[in-house]
Structures are given as C-alpha cells and as structure tokens.
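Got some structures for you, see below.
Same chain, two partners: chain A is paired with chain B first, then with chain C.
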Partner chain A sequence: MNPVVEQAGGLFRLSLKEALFIGFCAVFAVLARMMLRLHLHISGHAMLVTAFFLLLARGSVRYRFGASFAGLLAGSASIFLGFAKSGPFMLVKYLAVALVIDLAGLLMPGLFRNYFWCALVGGCAGATKFFTAYSVNFLAGMDRTVNFQASLFEAAGAILFGVLGGLLVPVVLRRLHAYGVIS
Partner chain B sequence: MGVILRLKKFSFTYPEVETPVLQDLDLEVEAGRCYCLTGPTGSGKTTLALALKGLLSAGRYEGEIDMPSVDGSPAMAVGMVLQDPEVQLLTSTVGAEVAFGLENLCVEPAEMPQRVITALQAVGLEKPLDYPVDKLSMGQKYRLLIAALLVMEPRLLILDEPGAQLDPEGLDLLRKCLRRLKQSGVAIILCEHRPESLLSEIDTFWQLDGSGKFADGRYRGEEHAPLEPPPPSTTAEAEPVLQVQDLSFVGVGEQPVWSQVSFAVDKGRRYAVTGLNGTGKTTLLRCLAGFLSPQQGAVQILGGAPDAYRLRGRLGCLFQNPQKQIFENTVGEEVAFPLKRFGLLSGTVEERTAEALAACGISHLVDQSPHKLSYGQKHLVALASVLAPRPELLLLDDPLAGLDDGHSRAVMELLVHYNLQHGMTMLWTFHDPEAWPGWADQVLHLEGGRLVAR
Partner chain C sequence: MLPGKLFSTRKVCLPSVSLEGPAPAGDAARVGLRMLLALTLSCLAFAARTIPFLLVLTAIDLALLWWLRGKQLSLRRELKAFAWQTLVILMLYLVRFRDLAGLWGGFKISWQLFLALLPSMVFVRSTSQTRIVQALNRVMPCRMAFVLSTCLKFAPQLLAEVRSIYEGQVLRGARILPRDLVKPWHWFDLLHCVVVPAVVQSMALAGNIALAARARDFGSQPRRSCWPGL
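Coming up: the complex of A and B.
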C-alpha cells in the first residue's frame, strides 16, 4: 500500500477532482443560463454567468486550461441542447471567453483571490463579445458600420457584466478554500 | 503474530503549512494487539489514523506505509471509525448501514441478516433494522459505525476517540468486543484522550509529542494539582430563567424519548444534564431552544416561549457536533460573527473576540480556517463563539467532546469563570453521570424516559 497519498496533479495532468470541478462549473454555466432566461433587454447580461463560472473553473484548479476545458464542455452542451440563438457558434463564444481567462491565469496565477484582477479579467473576457457578435452579424450580412456599432454596444454590456461576474469569484474561492474543498 | 502494517520514516505536511504535522514516524502494527495513540489536542492523532487508512487526500508526504497483502481473503484490510460519526454514515437505516459493507464484499444475501444482527449485538445497539439512522444519538451512531466495520471482519480496526462519544456502558461493551477481536487476530488502534476504561485491553501506547514525533510512554496531559470543585454559584434570590412543565417528546414510533419532564433553572446557576447514549439529552436541549417542538408540555425560557427572534443574543447554544455551527472563513471571523450581528462597535467586537479566543486558548489559530482544525479545536472555536456575546443562558451539548484532559479542565474552569464573573446561567450535558462531580449546582439525570434531579 504505497503511496497512500495522492499527490497534486502536475501542470499538464488533470486529476479526477479537477475534472469534476471543471465539469460542475460547465454544467452550472449552462444550467444557470437556461434557468435564468431573463428577458431583461440588457445586452450582454449572459456574460455574468459565463465569466463567473469560467473564472471559477480556472480558479479552483491548478490545471492550466481549466477555463478552456469548461468552456468547451459548456459550449458543446449548449449546441447539443439547442440552447441560445447562435447554434455552433456558441462553442466559439465560450472558448473566446475561456481563452482570455486561461491566458490571464497563466500570466498571473494568483489573480483569482484578488477582486481587482478578477474584475479586470472578467471585463477583458466580456470584451470578446465584440468579436463574436461582429462575426455573427457579419455572417448574417449586416452592414459593416451598423455591425461595428451594434457589436460595440453589445460588448459594452458584456464587459460590465463580465466585471460583475469576476467580482463574485474571490469570495466563493475563499469560502471553498476555507472549507478545504480546494487547495 | 505477524506484522500487518508498517510505517517507515513517514512524514506529512498539510497544504500551505510549513511545519509537518507528522515527522519521521516508524511503527509496526502486529495482528492481535491493541495500540493506543495519545497526544495533546491537535497533535496529529487523527492525521496519522487517516494516513494508515489511506484517506489523506492532499499534502506533502515522505516515507511509506507498507501493508502486506493477504491473497484470497474476503475481509477488508483497514476499517476506521472517524471522530465525527455523521460524516461517515452512508444509508438511511440501521440495517442497511451495517449491510452496506457486506454488499460490497459480495456476501450472499441470505447470510446478511444474521451477521448484521450479531454485529449490532456486539456493540449493544438494540434497534430494529429499519430504524432511521438520523434519529440515533451521536453515541449510537458511533456504535453503529463500529458494527458496520466489525461485520466486514477488518484486519486492522482504527477507532478515533471512542471515549468522546460512548457512555460507560458503551465503553464496557467495546472493551469486551476488543478482547474478542484481539483473540481472533485483529489489530486495533485507538486514538483516545481518556483510555482508562479500555486500559485492560491496550498492549502498547504511542504518544505524539505535538511536534509530529513519537515520544516514550503515554500522554497524560500537563501535571496539575488535584482539581477541587469550584464554589457554588451565588445568587441573591432564585429567579427562574427557564421553566419546563410536563414536557414529553415522541421520536420514532409511539415510544416517547422522555415524558413528563419538569424542572426549573434559576438565573446565574450551573446545571448538568446526564444520561447514557440515546436517553434524549440532545433532544431535550433542542426542545428548550425551540429547535424541536415537544408533543406535550410547555417551555418558558427567558420570560417567554422559545422563539428565535426573541432569544437573539440572549440564548447561546453549543452543538455536540461543532461542524454544524462553524461556517466562517477564519477562526477570528467565526468568533466575531455574532458580535457583529448584534451591532456592537468594532472596538468592542475586537476586544470580546480576543478575550474569548484567549480564554479558550486558541488565540494562535485566529487566522486559520476553522474547518481544517481537529475535532477538539473546532469545539473550542464553537465554544469561543458562543461565549463571546455573553448570553444570559447558555446551553452546552457535551462541551468536552474531543478534548484532552488539560483542555477539558481548562474549559470547565472557563465555564465556571463566565458563570461567576458574568452571572451566565448554564445547562450542559454529559453522557457520564460520574464526570465532574460537584461542578454543577444541580444534576438532572435522564434515565428510562424520566428526568430525575440529584
């Protein structure tokens, strides 16, 4: 019976516990959006849930691509469930946000316990909405000037909600850490 | 007898902690012997037990644990009952809990009932097989878990603090059970602060010295002068703060847990409620606090019926399982929480928090997470958080569970200090009627469903 203690996963090794965390975050990211389909007529409000759960997925594990993995799962689930209005493009929307978070996590591993940095990364993740919205509108044949203005407007809302989603992350991570759920 | 488990230069350090909790430990466990692991509260006894069971999930370790395998044996290798039995229960009924292990060992269903009943009889838990687990007391849950392990015939049985949960009757049954297990070649490790009642079965003592290493002999706590009972609480005149009249509570089925319970508690005095496992001590405290509604009778507490809003800040409750009332991120925040909720000034909050932490001897844990502490340390944190607001009436459910002799003594002295200094009325429970004679002004004993004043 040796060893008795499972060592923490390496940089490119995903442990069962980490995989479960990422899976939970992906499921909740989709479920929360499905259950809270609020017709607020506020552009970008879905980014609150997306940024929060993808930041949480990366912040609660050591795995470098935690947010991307969660984004991939959540995007795939959204496509197969026929959820949201972008079809297969949902995968790109989730992955764009996730890549920003993973990149930030790579540059500043300790950012997830800090309100300022979480809000900043949440805002940057929300800014990806401009590119995804512009692409969707472009494919739909929208005029470039109108598309640019509309995408900027949507991105502004997404940035705002991304910041709010980011601000929620440190308090949750601190609580999970205090309970010994994450190390 | 052969060696069934060997520890070689084993060290373990929890995450984000510099100092290892266990350092270079060597030990051998032989079949048919009983070992007792002693040491002060928080010295790493439970950590070592978890390591032997293979349940340490995160942290840095060195060395190895070697357990020679036994080919073809259907028995489990190591069985362990944790200090807090509630985290280990898996099913909803007594019979299913004990049979769970047998199901995993692929035992024939026809064999199970007799083996389950035999295991339950061995620990003195005479309940129907369909009795709900959540209606058992903490002591009964501990007995149930021992039965659930015995039925799987482990080669090594680890019991973490049986004395904290079992009454004298339960410990006597456990002693007989340990003797039978030893004779059948099972090794036993007890992590125990008070092993007196099991001394006849213990072959070897191990002592963790608090720095993670083994020391010779048995830990007996710091040497103290013989403890004299404190002076009785003095009150100018008897002013009842709690009146109980003909209280009855029916649990599972038609059998009452207790009935026609009547007593009064006077302001500024200390009371002890004693009784064996499952006699309804915790149920009585829950009824007094308003957490449970009795079927009959009336409770008048601090001038009215039990009502959470009215009693806010006036009644303090210490639960038997500290995990149920700890929720903040740090020990300091945990103790300060009720004070902030009561709207005290920040200076007063800091002063009261520091005072309560110092009184409970846990000032050094102020920035640590309470959820990662040992069971005894969690109990001290919970105690500090209920003492800090200085409530008028304090209900304490087994305040010494999981504490070593030194800490038990300190807690009792602390309770008496708060009683005498602040005029705090106290009602605490023990499952051992002989424990701490003279420390309560009056002892209320639960036996056979009735309350008897002594």
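Coming up: the complex of A and C.
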C-alpha cells in the first residue's frame, strides 16, 4: 500500500483530505457572507450561506461531526478575518447551527439527499438564531419582552433563509455524486 | 474582456499570511495575552450595568484605539453597524415603554453590545493572521491549527478559481451576470455553473494539499514541527 495516500475517513475518523475540504466549506461560508452582503436589512439572511455550507460539509463526508468541525473552523476563521460582528459569540452561533445539523445527520443518515428533510433541518438550524440572539441580549441585560420580540424577529428571517439554504443542498450533493467526487 | 467588478459586489481583502518571517520567541505569548485581554474586555462589557462602569470600559477601549492609531484602524463599518443596531433597539424600546427612560435603557444596551464586540475587532485588525495562528498553535490541536491556517492561506487561490469559473461560464452564455441574478429563477444557473464546479475544485485542491502534506510526513509525529515561522 502506498504510505503517502491516506485512507478515506469513516464515521469516527476524519482523513486530512476531508478535514481540508470541510475547512474550505467553512472558509467559503465566511467569504460568501463577506462578498454577498446584500444590504437587505432583513435579519438572518446570512443563514442562507451558513446553513448551505454546513449542510454541504456534513453531507459530503461520512464523519459524524463534520458540521461541528466546519462550524468550529468557520467561527475561528470569521474571528481571524475580522468579520466577527459579535466577537467571540460568532463561534457559538456557528456551533449552534452545526450541532443541529450533526444531530439530524445522526438520527437520519440519508437526509442530505432529500429536499424536505434538508429544508426542515435548515429551518431548525436557523431557529438556533433565537437562542443565540436571546442569550447575547440577556447577558447584556435587555428587557425580557423586548428581548423576546427582537430575538423572534431575527429568528423568523433566519428560519426562512435556513430553509432556502437547505433546499439547495440536495441539488449540489446529487451533482457531486454524479461526478464521482463523493461516494 | 469582461468588465471589472463583474463578480463581487464587495472587494474582499484577505490579510497576508506567508510574507512574514519567523516570529521572535516571545511574540506568540504576547499575542496570546492580547487575545486574552480582548476576550476579557468583551466579557466585562456584558457585566457592566452602571454608567460609570460603561464609561471606564469605553475609556479603556479608546485608550486601546489610541495605542494602535499607527495601524490605520478604520471603524467606519463597525460604527455603521452600531448605528443600525441602536436604531432597531431604540425603536423596540420605544414601542415597549413609550417614554424617554425606555429610550435611555435601549441606548445603554446598544452601547454595551458595541463595547462587547469592539475589543475583539480591534485585536483582529491590529494583529497579523500568522501571529494569531502561532498563538493558537499552543492551545489548539495541531491538526486543527494546520487545517485552519491552510484553508485561510489557500482562500485567495480558491477565490481566484471561483472568479475564473464565473468568467468562463459568463463567456459560455450562462445567465449569471448581476443584472440576471436580480431574477430569482436564474439563481439555479449560478448554483449549477459556479457553486458545483467550485466545490469540485476545492475538493481536488484539498486532495492535493493532503497528498503533499503526507509526502512530508505530516501526522507521523504527535507534535507538529514547523518551518519557518509557523
């Protein structure tokens, strides 16, 4: 066996190639947010790229914690690139979305080829925005009712864009599968 | 020749990674301390509930900015975000409380949130990425630090690949020019013509980098050996 060529990763092991691919997905997620700032002033539109790339990262590899790894890298990368609007909480935001995706992947391994499940998981991932926004505002001491309304407002947009991001994933994964890039 | 500004609506400036030489021995520790200071200041902003506390924190942040004034730190984008955030919070507080006291409370919250994000933003803008990765190498698993630094280093190359894919597809007649993308039914063209090839390209690049790293015995030692600087 050629010692230079690494074996493919599995459910619990991530090969270097897969780790780098997940890293690229994470960097794409951050850069897409930087480049395609739409100035829509609609809360949560960044969830489109976040949900899409994290779902793609998890759907392309067999590793069970692929999305969490991508979320960790995306959070760190956004801090390094000076794009972390919420400072260190950016890491928590990405990780919350990633954990939902990993959990869904754990329960339903075949969900990444199905439009309905991908949209549902994208929406659920978007819903985490409520908890992260509520936590940040709660720590800052915001009034409960205002905090609830503001977080709900932000989460509604994030859910909508999360669903849209999720719907794009099966299309891309099917094409990648057809090209033989993923198995 | 395609017109300029065809692909990106916003110019992305990535920090340089590999142009710096080896860092002095105590540099990573100093960067680590600055990172810790930024995180502490961010956390303190959440604990600050009184005006004197907020004023002291603001003074510290301003002193930090004054100290780093030589690095041409621009706060325009952050100030715009602060203004927008303040406006939304003030409106919500006005709807809820309908008086000036409520407005003042909303402004205080917005001020607090801004102070929470300012230190980490200043830290990232004033410290080179290489130095940050060097500092993180001490606290992160070396494999993760390698993946992160490699991905950041190859990000400009990937962006260039994406740009050339985009230009090639435009020349082929794909309806993905900015004026076409105003219509949502053309977004699928962007997905098929740009996103899928870009993902395939990044997969191939990841394979090449992994092969090169393995050929240099990456992963054969539990601790990573670095050359030069990183």
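Definition applied: the second predicted complex is superposed on the first by the 174 of 183 C-alpha atoms of A that agree within 3 Å, B and C clash if a C-alpha of one lies under 4 Å from a C-alpha of the other, contacts with A are read in each partner's own complex, and residues count from 1 in each chain.
In the analysis below, a contact is a pair of C-beta atoms (placed from the backbone, for glycine too) under 8 Å apart; a residue touches a chain by one contact, two chains touch by 3 or more.
Here the structure is a predicted model, which is why all the values come from computation and not from measurement.
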Inset, instruction - Please work out whether A:Asn114 is in contact with chain B alone, chain C alone, both, or neither, and reply first, second, both or neither. - result: neither
Legend entry - Larger contact residue set on chain A - chain B or chain C: C
Inset, instruction - Quick one: classify A:Ser135 as touching chain B (first), chain C (second), both or neither. - result: neither
Inset, instruction - May I ask you to decide whether A:Arg175 touches chain B, chain C, both, or neither, giving the answer as first, second, both or neither? - result: both
Inset, instruction - Find the residues of chain A that appear in the contact set with chain B and again in the contact set with chain C. - result: 3-6, 175, 179
Legend entry - Contact footprint of chain A on chain C as seen in their complex: 8-10, 12, 14-15, 39, 42, 45-46, 49, 81, 84, 88-89, 92-93, 96-97, 105-106, 109, 112-113, 116-117, 119-121, 124-125, 129, 132-133, 136, 143-144, 147-148, 150-152, 154-155, 158-159, 188, 191-192, 195-196, 198-200, 202-203, 205-207, 209-211, 213-215, 218-219
Legend entry - chain A residues within the chain B interface of the complex: 1-6, 8, 174-175, 177-180, 183
Legend entry - Contact footprint of chain A on chain B as seen in their complex: 12, 15-16, 51, 54, 56-59, 61, 64-67, 77, 328-330, 369-372
Legend entry - Touching residues (chain side chain A, partner chain C) in the complex: 3-6, 15-28, 31, 34-37, 41, 56, 60, 72-73, 76-77, 79-82, 84-88, 136-137, 139-143, 145-146, 149-150, 168, 171-172, 175-176, 179, 181-182
